[in-house]
Each structure stands twice: as C-alpha cells, then as structure tokens.
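In what follows, chain A forms one complex with chain B and a second complex with chain C.
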Partner chain A sequence: MTAKNHLGGLKFKAQFDLWGNSLPRSELDWVVKLRHESMAKFLQFGLPGPKVEAWKYTNLGQLNSGNYELITSADNVVNEMGLLENLKGSKVIFTDGFYNKASSTIESQNGVKLLSLNDYLKDFPEAAQKILNKNDDDSSLQSLNTALMTGGYVLFVDKNTTLTAPIQILHNTTTSSENKSIATKCFIDVQENSFAQIVEIFIGADEQNYWRHHVTEAIVSENAVLEIYQIQEEGKKAIHTADTHVDVGQRANFKHYSLNLGGKISRTEIKPTLKGLQANVDLRGAFLGRNGNAHDVFTHMKHLCPEGTSDQIYRGVLDKGGKSSFQGKVYVAKDAQLTNADQSNKNLILDRNAEANSKPELLIYADDVKCSHGATVGELDADALYYLKSRGLDQNAATALLVEAFVSEVYEEIKLEPLRSKYLELALNWLSKEHKK
Partner chain B sequence: MLEIKNLHVEVGGQKILKGLNLNINDGEVHAIMGPNGAGKSTLSYAICGKPGYEITEGSVTFKGKNFLELEASERAGEGVFLGFQYPVEIPGVSNINFLRAAINSVRKYRNEGELAAGDFLKLIRSKAAELEMDPEMLKRAVNVGFSGGEKKRNEMVQMSMLDPIFAVLDETDSGLDIDALRIVADGINRMRCPEKSILVITHYQRLLDYVVPDFVHVLANGKIVKSGDKSLAIRLEKEGYAGLGIEENVA
Partner chain C sequence: MVSTLETRQAVEEISSDYKYGFVTDIETVKAPKGLSEEVIRFISAKKDEPAWLLDWRLKSYKKWLKMEEPDWAMLDYEKPDFQDIYYYAAPKSADDRPKSLDEVDPELLKTYEKLGISLQEQEVLSGVAVDIVFDSVSVATTFRKALKEKGVIFCSISEAARDYPVLMKKYLGSVVPAADNFYATLNSAVFTDGTFVYIPKGVRCPMELSTYFRINEANTGQFERTLIIADDNSYVSYLEGCTAPMRDENQLHAAVVEIVVLDEAEVKYSTVQNWYPGDKNGIGGIYNFVTKRAACRGLNSKVSWTQVETGSAITWKYPSCILQGDGSVGEFYSVAITNNYQQADTGTKMIHIGKNTSSTIISKGISAGKAQNIYRGLVKVMPNAENTRNFTQCDSLLIGDECGAHTVPYIEAKNPTSQIEHEATTSKISDEQLFYCLQRGLDVEESVSLIVNGFCKEVMQQLPMEFAVEAQKLLGISLEGSVG
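And then the complex of A and B:
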C-alpha cells in the first residue's frame, strides 16, 4: 500500500483510530469525514523515506518508528513564553497546537478577519469546506496534517486594506507535548492592493520530544503584499516541519524570512507559485546548527507567468555536530518568458565535524529568462580572522563578528526594526552559547 | 622594549628569516629597508603572531615578556599594533563596529571597562578628523572598496584609536599621494614619545624625511645585514642595494 521509498506511517493510523474522534470539531460530520479521507490519502503514500530525492538529507525514520501520540486538548492557561516584546499588533498564541485564548489578544480592524481555525470550522462551515477541500495536497505530510490538525488560524484581509501592525503568531509548548505530534494549519488570504505582515515564532523546551507539523496555505492577490517572518527555536529533541504554500498573483509580492536554530530535525518547505504577470517572491533565511541539529530548507519556486522575479538568499552556519541542507528547485514554465530567478546559498563550516549540503535544481522551459544560482561551503576567512585578532579581538569575538556579518546579510532589508534586531540578537546568542561550552 | 634574538621563521616550509637580531629601546624609531621578498613582512607577522609563521629558533621579548607564547590578540592587548602592507577587506563588518569591538577587546584584556558609546564616538570622530578621513567611511565595511591609499589611512585611524606603545608599520607609505603621505607621517610623529617605539618598514627614503628614524637597518636574505643612522637610507636611495654590496634575494 505504501508508495515506493516511503515509510508506512501506520502508527499514526493506529493513533488516529484510537483518538481521531476526540480531535477538535468532531461534532461536525464534514470535519470528521475530511479527517478520514485525509488519513486514507496519507496512507496511500506513507511518510517520505530517505530514498525520496527531496528527502535525501532528512530522515523521518524516527517519526515512523516512534509512537507519537495525538494531543486532543490543551489547558487554556496563560503561556506567553517566546512572545516578542516591542511589536505592536494582534498576538495569537498556540500552546501545544491549540489556540490559547487566554494568552491571545486580537485587535480588530476594518477589513481584517483573524480567527482561530476551530472557530472558523464551526462558524463558517461552507467557506471552510471550500478552502479545505480545494486544498490539493501535494504531499502525504500535508494530508496527515489535515487528518490530525488541532488548531491554527485564518486571516482574511479585504481589498485595499493595510494591516496597521504585524500579526504575531506564537507556537509554544508545555510538558504535555512529550511524545506528541502537534499539527497546526493556517490559511491566509490577502486580497487585491492589501498589505499584511506575519511574525511566526516556534518555541519549545529542550526536555520534550515532540513533532510539530505546521502548514500554511496563502493567497496573495493582485498588487498585494504578504510578508511572513519565521523564527524557529524548538527544543533540542523536537522534530519541526513547516510547509508554506503560496499563490502569488499579478504584481503581487510575497516575502518569507526564516531563522532556524532549534530542533533535532527541522524542515522548512516553501513552495510559491507565481500565477500572475510580474509576480515577485523573495525568500531569505539562515540556519544555525550544532550538537545534533539537522536543518533542511527546501524551496520550490514555480514561475508560471511572464516577467516574474524571484530571489532566494540562504545562509548556513554549521558548528560541531551540526548538519544542513538547502535544496532550491526553480521551475520556469514555457510561457513564463522574461522571468528573473536568482538563488544563493552560502554555508560556513566552523568545525571539521559539521556538514552542509547544497543542491540547486533548475527546470527551465522558457527560452528568454535570466536565472542564476550559487552555492558555497567554506570556512571562515583566515586572513580576516587574523586581521581582527591583530586588533585585539580574541578567537571567539573575531568569530562572532565574522559570523554576524555573514548572517546579517540575510536580514538587512527588514524594515521592522525590532524584528531585524531580534534576528541578529538570536544569531549572536547562538554564537555565544557555543563559547560557553 | 622589543628584543629579537636569532630569529628563524619558516613559512610554507620555506626558511625566510635566518637568524635575525634586532633591539628596539623605548622611544626609538627604527626603519627597515630591503629588497622585495627579503622577509620584512615575515618579520612583522612573526612579531604579531600570525598563524602559519613558524618560529623554529630564537626569541621575541616584549617588555620582558616572552612574546612567542601569546596569541595575536593578546599581543595587541599588550600594546603592539601592526599596520598591514595589505589591509584585509571584511565584508559585512562596518568600520565603526570593528573599531568598537577592537577597542573594547583591548580594554577588556587590560581589565578596563568598556568605553561608553558617547566617548567612543567622540574619540573616533576626532581621530578620523586628524587623519582627514571622511566620517562616512566609518560606516562602510572594513576596507571593502577602499582605494589603496584609503586603506593605509584607515590603518592609521585604527592605530591612533588603539593607541599602542609599539607599532610595526609595514609599507604604510606605499600607495599614498603626496598630501596623504604628509598626513600619515604626521600621524606617526604624533605617536612619538619617550615611552613609545615604532618600526617602519619602507622602500622609500621620502617617508623618512618626515619621520626621521633613529636607526636604519637593511634586511636581506633573512637577516639584518647592515645598520646605521638616517644617512644609510639616503645612501641606499642613491646607490641601490648592489651599490652597498648587498645581494638581491637569491631564492
């Protein structure tokens, strides 16, 4: 039954049989039906194994063999761990994958609808069925996510509306997350000429072993802008998979920033489809790994229309025991003439016992396009290091300054000042943690 | 201040310095001249602890301390400054952040507290002005896209910020236009005092007209082969190394 090179994933089926009916909104028949259909779809394929090309650097064997239990409810106690201060705007908090109403604050604005997924399923069943059903899953993990979803959010931004402040989404955990799979899902729809920014933080404790699986489906309509800023600081033992699928319309603009720091395994998938003339996508991210962190960034940029532009900049810093991979796939359809697609992935290796993989893949069917890609793996520049030391900086301070410069390139265009400095602060903290060892 | 005895240095398996002796007392300015490839920069790196410069024999003592035991950063902390022949470009690190990190590192080494932000800015502005450097350049990445002369001037700004007690200036005069040479020479002369010493490495007599040395040495084939006062530099300029009976490097 399992597809070639996939793992069975039967333990999730067993868990679903036991607890599926206790998942949120089981009182709604259509939700229960959708969950069952999605579980069946998942089982047709199973979990992608390491022999599947796109997963060759990320081994989900642990998900298949481990007995990850479902989590069916959570305490609605205040838990703001990980929330960014000095950012105005709505704050939506998910604790162990459930909407934490007690900790959240939703500011209302004309033309903006922001609500928890479970409220949406109940209060707008028709619209909800529409988006969930049209959801043509492109991976078995996405089907599993639909089968097991515990919560999430829905954001609608009407035409000609500019969000007055970024929306902060925080995903944190409690000790109840031990040995659990946490599936969250969200939908974002930014209508014509509108503007939205989302800051999304994933955080967990080092003690707990959990799998967080987060799926984002987004639409950015004509002339609209959507910016997503992710920070991933999961616990040491966690598996983190975050998939973002986004349709980008005519002259629309999608930006995705990420920083991956935590987790035993992290996988960030971003799949933008440029569906309108002159659509623009910028992807930026850094991943910092050591001591058993394995970070994997997988992007699939689909240029379907003419004159689209996409630009990807990813930087990896790998220290002792850290591992990473960047796979950047760019597809340019026959009709997508005058596409401009760039991609750059540079990796810095701080220790011999570290690994960085980089694999660009270009599939270009139009003849008049400009596409570039560059990938490097290297060590710190010895001359620069010595120059700094000759001015009094010790090994740690010199390394920190050079790594900061290497990483800061990713975030330098961010206009939200508290966020840009947060990214840099986290990167620097990561470095100084190393020095304490 | 600095005592170098029988120094042997190998780089990439090549013997470059072969028993060099040099003594520099407090308050003295020494100049080293010598043919290309003689080992002048090698000497400066050996004094300042560059990895890859293997000391196979001899000693370097600074203010009574065995300098060879110290890391490059510790040598800077002790008050030694190296003006690079080829200053390094560091993309992504602004000059001003670099200088702040440098100054605070050195202060930390000396158990002094960090310089307050305002004091730091005041200091850097005055030093940049002294060396007639456009303050805009402080915001730019270290040496990235700087012209040859701008890089050398930047070295001097760093030197005056760090206020060393001993400076090795490796061809700091190369690549400077006539006005810049004067500005840099003034910068070097400002450092001169009974407690501080300077070693300038140069190919040209011209710098020595402005920065008058107490001693001039000729380094060839890995050793000091001739020493004298400032008149030695003048003779060299006129007669060349061959005229003084000094062989060009035989590699």
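And then the complex of A and C:
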C-alpha cells in the first residue's frame, strides 16, 4: 500500500484534535496513546481514493469533503428500533455507536463472557492492550476506527461451550447522529470445540447523514464454529463500512451471511484467513439496490493451510438508480495444497438506470487445488417470465417471483429459523416496494 | 502437478538451451543511445518522414516525459532505463535496398532459414507474403504485386507515411491515441518501423499477410507500429510471429497495433509470440509491453484476436476490442505459457458500445517452473449497448508447486439487457491423465505436451494453418524444463 492515490484525512485529524480527549476511556493513558498512534497510522495514507484498486468502484470522496464530526457521548435512553423480537438470547444495543445499557439484556452463561468494549478496556486493561496493540491493521480505515472508536463489544466463548441462544447485536441511531462519524469495534474469540452465533443488525433513519464504521475481529479456534448474520438497513443518506477480519483455525468453521439494503454507500469487507488444516469458510450474501444505493462487497479469502475449503455465493439485484460492485479475491498460498475454493456472483439488472460491477479474482500459488469462480450479469430470463405470465401472473408478480427465487438461493440453507425468514421477508418487502413505483 | 524429483531432473536436462538463440552478425546503423528530441528527429530523418509525422512524434514525446510507468500489473521486474536503449538500428544495407531476394544479405537469409522461414520457399510454395522486420526496417517485401492487383496496400509504415498520407493522417493514433498509456506514448514518439495494411472496399485479401519480427542487435528497443484498416465488406487475416536470439540483457519491446474495421468487414489477427524468455535462472529475456487495440467502427464488423504467448520474460499485453458498430463482434482466443521465471499479465478488454454486440473470450493460462501467469480482462457494457452478449472462460493449469496462476476479470455492466457470463477454473494435470499417457509409452515430456495441447485445443483451432503446426511445437518446447 502506498500513500499515492489516497485522499487526505485531515478533517478527521482536526476533529480528533478537538474532541479526541472526550472520547470514552480518555482517563486511561494507554487508550489515549493507542488512539494517537492509530491516528498517526491513518494519516500516513488517509482515506483510500477511487484510484486505489480495492476502492475502484466506491468513492469515499464524500467522507473527505464532508465535515463529519466525532460523537463523544450518547443519552442512555431506551431505543429498540430494529430489534428482532422473536430471537431469544442476549441483546446488546448500540445507539449512535455507544453501548445502550438501558435497552440491552445480557444473559449469563457459564464459559461465555460478553461485555461492552469500554467496560473491557477499564476492567481488563492487560488483556485489552494485548488485543488492541496487535498492530496488524491492514487498512488505513481500520486504524482510523481504532483512533475514533466509541464503543463495541467483546465476546469470549470458552472451550467446549455452546451458546444456548444467538447473541443479537443491534446498531441503531437517533437524531444526534446527524453529520457524525460513528466508529464501533468488536472482538470475538470462540475457543476450541465451541459454537457461537451472532446476529448483527445495522439500522438508521433516512433523515440523518452519518458514517457508521464497524470493525469486527474474530478468532475461531480448532473445531469451533462461528456464524455471523448481518442485516444492513442503514438510512438513505448514510455511509456504512463494515470490516470483518477472522482467523479460522484447524477444522474450524466460519459462516457469514449478509443482506445489504440501505445506505448511500455501503461497503462490506470480509477477510477470512484459513490458518489451520481443513478450515472451512462459507460466505453468503445479497445486495439489493435502488434510488441511490451503492453496495460494495469486498471479500478476501486467504487460504494459508492445506485442505481448506471455502465457498462464496453473492447475489445482486439492481433496480433504478442502484449500483453495486462485488470484488472477491481468493488467495491460495504455496503450501495450501488440496484447497477447494468456489465463488459465484450473479447480478440481475432490472432497470436501464442501474449498474453492476463484478471483479472475481483468483491468486493461486499452489498446484494441487480446485478453484473456480463464476460471475454473471443479466436481466431476468424472458422465457421464464413468459412462462409465468402465460400461467396468469402479471408482470410484477412474475418478476417478483423470479427475483425472490434468485435471492433465496443465498439463504436457503440457514438453520437459524427466525433469521432465514427474516432475510426472505426483507427481500420480499424490498421487491414489493419496487412495484409501488 | 505433484512431481517426482526424477521427472524434474529428466526434464531439466532437456531444457537447457533456447532453441532459437543465435545472433546474426550483420553491421547495423544505430542512433546514439538514449532518448531525446534529437534522437526522434534522427529517426524521422532516417525514415524520410513528412513534417506532420515528426510533429506527431515530438508531441507524443513531450507527453511521455510527463507520464509515469504503470505499476498496477502483477509484475515484478527492474524498470528499464530509457536512456540506456538504442532507439534506432537499421541493417546497414538499408540505404540501398535490395531489388529482389537475390540481393538480400545472404547472412540474413541464413537466419531465416534457421528459423525455418526461407523466403524463397515461402514465396514459391506457401503463397504467404512476408514483410520481414529485421531490427526495425523492412528488408524485403514479397508478393506485393499480387496484392496490388487487388488494391491491397501492404507496406512498411514509413512508406505509408510517404505514399499514403491521407490514410495515415486519418487513422494513425485514432484507435490508440498518442497519449494512451506510458508505453504506447513512447512508441508513438520513437516507432521505427512496422506494417501498414489497407484492404479496400469489397476485397477479400487473397492471401494471409504475415510479418516475422526479429530483435537482433543487442540493446535495441523494438518499437513496431502496425496499422490495419479494413474498409467496408473486406476481409484480411494477418499473422504476426516472433522469435528472438539469446540475450543476457533485458530488451524492451513496446509495440502498438491499431486495427480499424468498417462496415461488414472482418480482421483476423493471429500472433505467435516467442521472444527470448530469459534463461532458466530468469536472467535476460525480453520485456514485452504491447498495446493492441481494434475498433469495430462499422455495422456488423468483426475482429478476432488469437494469440499464443510463449516467450518474453515479462509480458504486458491486452489485445482489446472497441465494439462501436451495431452488431459488431469481438473475439479473443489466448494461450499463454510461462515457464521458469517468466511473468505474463495478459488478457483483453471488450468495450461494448453499439447495440447487439457480442464478444467471446477464451483464455488458457499455463504456468510452470517459477512463473507467474495472470489473466486480466475487462468486459464493459455501456448504457446504450442493448442486447450485449459476452461469454468468458479462463482456465489455468499449474505445473509444479512453485508457480502461480491468477485471474483478475472485471465486469462492468450498465445496461439491463446485457448478458455477461464469466467462468474460471484453476487445476493441475491430473495424475490419471498422465499415467494413461505414460502407460501408452509416451515419455513425461511428450505426455505433458499432449495434455497441454488438449487443454489449449479451443484456442489452437482458431490459428491459421501456417501457424498451427509451429504453435503446437512451441507449446512443447516452452514447457521443457517444467515438470512432468
């Protein structure tokens, strides 16, 4: 990475100079030091510009030109906007990037430690320093996130522990989020032979213009399973960037589901590193865009060990004014023999004024591997439409049915029932909205 | 391919020398090393060029000075020192051009014989007109008469600048503009020779046109420029083939090929590229930075690129099609083989602008030794390109566990009626296939060659007869030293 082609970031620096000392845990010297170091690291490069290959299709110019302010505190009033009611288990709510204790419920379970990041920084400073000072940021945005983080959570699952219910993490906003940059960070550590499911929902109001930047760092140890389910329904004007970095150990299993619906710009980065023998990663997602939504999904699958398997399925539907890009990179290191990596990205364009970009990428350094990718862009199959219409469905109903089938492929294997139906319900709502136009 | 030590050793023994590595000793006239306005004026004067072309060169040079060498390709090489290159070298006898083959320097003829392209033989037997570029100046042109009868212009680009200024002014730089990219701009400033082809309306070129390139003088950059214009309802098949002698220093080759295709016309451009790839340890070899682009300007026009890339230490090459005319068709068939320390970043761009345009991309990459082979391609559909169709298939084959095969396709669609499909796979030669061949009595080398030829069949079938045989042999030769 070079500073060339990066946009500045001095406005964030100015905000940091003004308000940095009001950010949470400023009473802890090491946190302040870490924030400053991270800010310096961010400034080496600044925000990635459109000439940076990974950001070819998404322009963060608005972050650079807009005067986003830091948010330093939030009122602790109940706000459950967006909460999934029919899901059992702990509920952790972040409002405007701050842990909303009044709305959250944390159920205790033996071997499971779930707490707010700011509490963790205070109560377990040594362990927290160890995690935060890893110094392995792979992007300037990640460094900026550390410098500006307002809240987040930490989840530890001990060996041989199965979470009794999925943990629901909800990120919502209030009117105070107007023109704010909201940075949240979380750490997940699932130890050997354990099982954890996390449902993460991002939701915001259409009226507010904010930048939500969320970073997840996860470790899935030997034989463990981690499943993350994300739903992104940010407000129309919002910029949403979510990075997930995950280390997957021997015979461990990582699954990531996502559905992107909102935001003016939404960028979902998922970077799994398969560090153990026979690790397995499945990434599934859909992005539905119209009326100024620009969805960008960026995956970087790193196969470092032999016999790993990975599979990616992404579906995009672009209606009037929607834009999308999928960039999926599969890297197979020299030693990662017998890797099996698949990837598929299909895009449907429903309107003249829509755009889909796809850049599936294979970087293969081992010879005894099976890697494939497929990408398509097109409109609905005319024959299929005709068939449905000849059976008495009108154009809209026929279209909706075909699009539903197209999207549902992504979610059909989900076993966590409320989520599977939620995903399909959201997709259907999106489709039916389309036909009201 | 998981290989045994024995097969590796067996194969390494066979593969020591580059078969076409020899140097012909002919005196040449050189411009001083390095690049400056004076050198460009010298080249232009040597070529007896009209003033407008010199202006064009100088403008390009000024633009080039402000440009930066691109670094987005996945290539790792020492950047050339542009002041340490000869930009002009012509065989000494160029001032006094031979009237017939008998007058051609016998040593030169011998070189061609070693390469198996004896002019006499070709003139008499094969019916292929050969415009030989030997260190930048066309030395002999055959069959010009037969072509003239049909109205086909097939000459060196310097001649065209003098004799056909109207066509040259209209089309030179119209597909690859002077300031297109770093290497194309350099070429625009210093191109020394190349081929000009014009096929008039309604003419089907009676023979396949062919140019053999040779880089011969040490430290000479080869800056060829090719311009092909196919007027309405015409057809031409053009062959480009390269072999180069053994060299220790890296040589720069920055060619530009421009093709203009008008209504209902078709151009088929086939390349066998076998520049010196460097030795087994990655020393020496040609830097091949080529800009090739075709503009399908007419209705239902068609361009077909076929390339077999086996040579060069570094290849940076993306033969592209701009499908402007409604109903135009672009095709790209490619086999790229890299062995030892070779690196190839190659692919195509299909830009769909007109309605009902279609494109096909078939790319086969084979990587062996410590080589890196990258397919990089773009399929772009503009908003008004109705009913666009694209099919892309990229297959990579890895031989040995120290090489890399990469695929970097870009798909950008802005029209809902487009249909774009992309598939890519990466695999190795299966043990079963190899075992089957060995069991039938083939040795490892032959087996690999057979399997690889099968892998590339879809592309090889596109090659004209003249090339097909040579290309098949080349696949085998190129993979020598890889693993069985």
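As a convention for this text, the second predicted complex is superposed on the first by the 434 of 437 C-alpha atoms of A that agree within 3 Å, B and C clash if a C-alpha of one lies under 4 Å from a C-alpha of the other, contacts with A are read in each partner's own complex, and residues count from 1 in each chain.
The definition used in the following text is that a contact is a pair of C-beta atoms (placed from the backbone, for glycine too) under 8 Å apart; a residue touches a chain by one contact, two chains touch by 3 or more.
Here the structure is a predicted model, which is why all the values come from computation and not from measurement.
Asks: Please indicate which partner A:391 is in contact with in the superposed arrangement: first for chain B, second for chain C, both, or neither.
Replies: It touches chain B, and chain C stays clear.
Asks: Could you say whether A:383 touches chain B, chain C, both of them, or neither, answering first, second, both or neither?
Replies: The answer is first: A:383 touches chain B but not chain C.
Asks: On the A-aligned overlay, A:367 touches which partner chain: chain B = first, chain C = second, or both, or neither?
Replies: Only chain C is touched by A:367; chain B is not.
Asks: Does the superposition put A:127 against chain B (first), chain C (second), both, or neither?
Replies: The answer is neither, since A:127 touches no partner chain.
Asks: Hey, is it chain B or chain C that touches more of chain A?
Replies: C
Asks: Contact-wise, after the overlay, does A:402 reach chain B, chain C, both or neither (first, second, both, neither)?
Replies: Touch status of A:402: first partner only.
Asks: Does the superposition put A:359 against chain B (first), chain C (second), both, or neither?
Replies: second
Asks: Which holds for A:277: it touches chain B only (first), chain C only (second), both, or neither?
Replies: A:277: touches no partner chain.
Asks: Report the residues of chain A in contact with chain B in the complex, numbered from low to high.
Replies: 382-384, 386-395, 397-398, 401-402, 404-406, 408-409
Asks: Over in the complex, which chain A residues touch chain C? Could you list them?
Replies: Result: residues 53, 334, 337, 347, 349-352, 354-379 of chain A touch chain C.
Asks: Mind pulling up the chain B residues that touch chain A in the complex?
Replies: Within the complex, chain B touches chain A at residues 48-51, 71-77, 81-82, 84, 87-93, 97-98, 101-103, 105-106, 109, 141-142, 158, 162.
Asks: Enumerate the contact residues on chain C facing chain A in the complex.
Replies: These residues of chain C touch chain A: 1-2, 72, 381, 383, 396, 398-428.
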